[in-house]
């Protein structure tokens, strides 16, 4: 499955790109699996996702818990806790 | 003691004047005494002060309880509960 | 200590202008909460409300309440403006602005001022109906006393 | 049901203009509460905050939160505007307006929207210091989670 990933704030800065399309390996089922997979893709990813428990994930622009499956996602947002307002 | 009385809202309408100066009889000590004295001054006063417990009194532009003495007052405001805001 | 701005006036006010006055030249204010109270016409039968006030005492009570709020909530700025005279449905009656570094204090400050203003500031509303009859004075509401009294109970916040 | 007005924009906003849009032609609104959040510079060392957002999702989350507030507090109108891009100290970042027949619902509605917006709307703040160094991303605050969570406990109001 191909999916579009979009990154924001310091996650975007550390991965050093705003978005990309990747092919998801079959063992990636949940949002947490995805973060763990991304961590293996290089130093930037490693730095961005060093503490995956603080990272927020949105599937098709809706917040999801990290243990939710991401099957059917067209776009997955990955970002730090929000600090707007 | 001479004192200036100022009336507002339906108290003013029923007494039919916005203010007046009166001479306080010696037996008028508290704000409640004053209301009871005014009630004897005519039909308008009687109608305005029919239920004296709802009437608010201010001495020199500060709220007072009806059992407070009014000695030394220059100006006494007499009015219904406030409905601003 | 912050000195509140208090005004009793017949003219309308502009919220942005009043906020700008409060925050002008400052960069330490993080949160501004405003409350505006409007003349409401539930049944479509109201021509206007007439606001009567006790000149001098109205300003003094508003200032007293405003100073209590500034101290209790450590506000950086507070403005309270109350109109008098005839006010048509949809028009502004009262404005409170509270400024603070953080949002909850600004919310609480504006809320506190409104609750006390309703029950302690010497203003009275009379209805002027569209049908030309002599209208009634708006009765005071017990709910307003209850709203005020929640600030008087021992603090749990 | 009331449809909230939601905007994500780089331009500033004018409170009175936004309120006028909300109440125009209506005479059933009695209370309008606004919250504006400003860029704050505690130490005098800040050149600007840069607000980044997730386009599309930011609007969708703001709308979701706004609709929850409209339903929960029976609001007659709700506007939420959040800016993005570089914002200098003293400038507006966010605006929430809640309108209701009565004042407490308007206060609660605006307060609720701000608490959820802080913790759920995808916006991030980066500091740009005056000294030209690369600034830090503003860290999320536990206090913001606590402020949100008070709306989730069983209601006592």
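Letters A, B, C and D name the chains as they come in the text, with residue numbers starting at 1 for each one.
The rule is short, and it goes like this: contacts are C-beta pairs under 8 Å (C-beta built on N, C-alpha and C of every residue); 3 or more make two chains touch, one makes a residue touch a chain.
Since the model is a prediction, treat every value here as computed from it, not as a measurement.
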Farthest-lying chain, centroid of Cα atoms versus that of chain D: B
Chain B-chain D separation of Cα centroids, rounded to whole Å: 48
Chain centre separation in whole Å, for chain D relative to chain A (CA means): 26
Whole-Å gap separating chain A and chain B, where each centre is the average of the chain's CA atoms: 73
Chain B: positions in contact with at least two other chains: none
Junction residues of chain D - those touching two or more other chains: 37, 114
Pairs of chains in contact (touch as defined earlier), listed by label: A-D, B-C, C-D
Sites on chain A touched by chain D in the complex: 6, 8-10, 58, 61-63, 77, 79-85
Partner chain C, residues of chain D touching it in the complex: 14-17, 19, 23, 25-42, 44, 46, 89-90, 101, 103-104, 106-107, 110-111, 114, 147
Interface residues, chain C side, partner chain B - complex: 37, 51-54, 56-58, 60-61, 82, 93-94, 114, 117-126, 137-140, 144
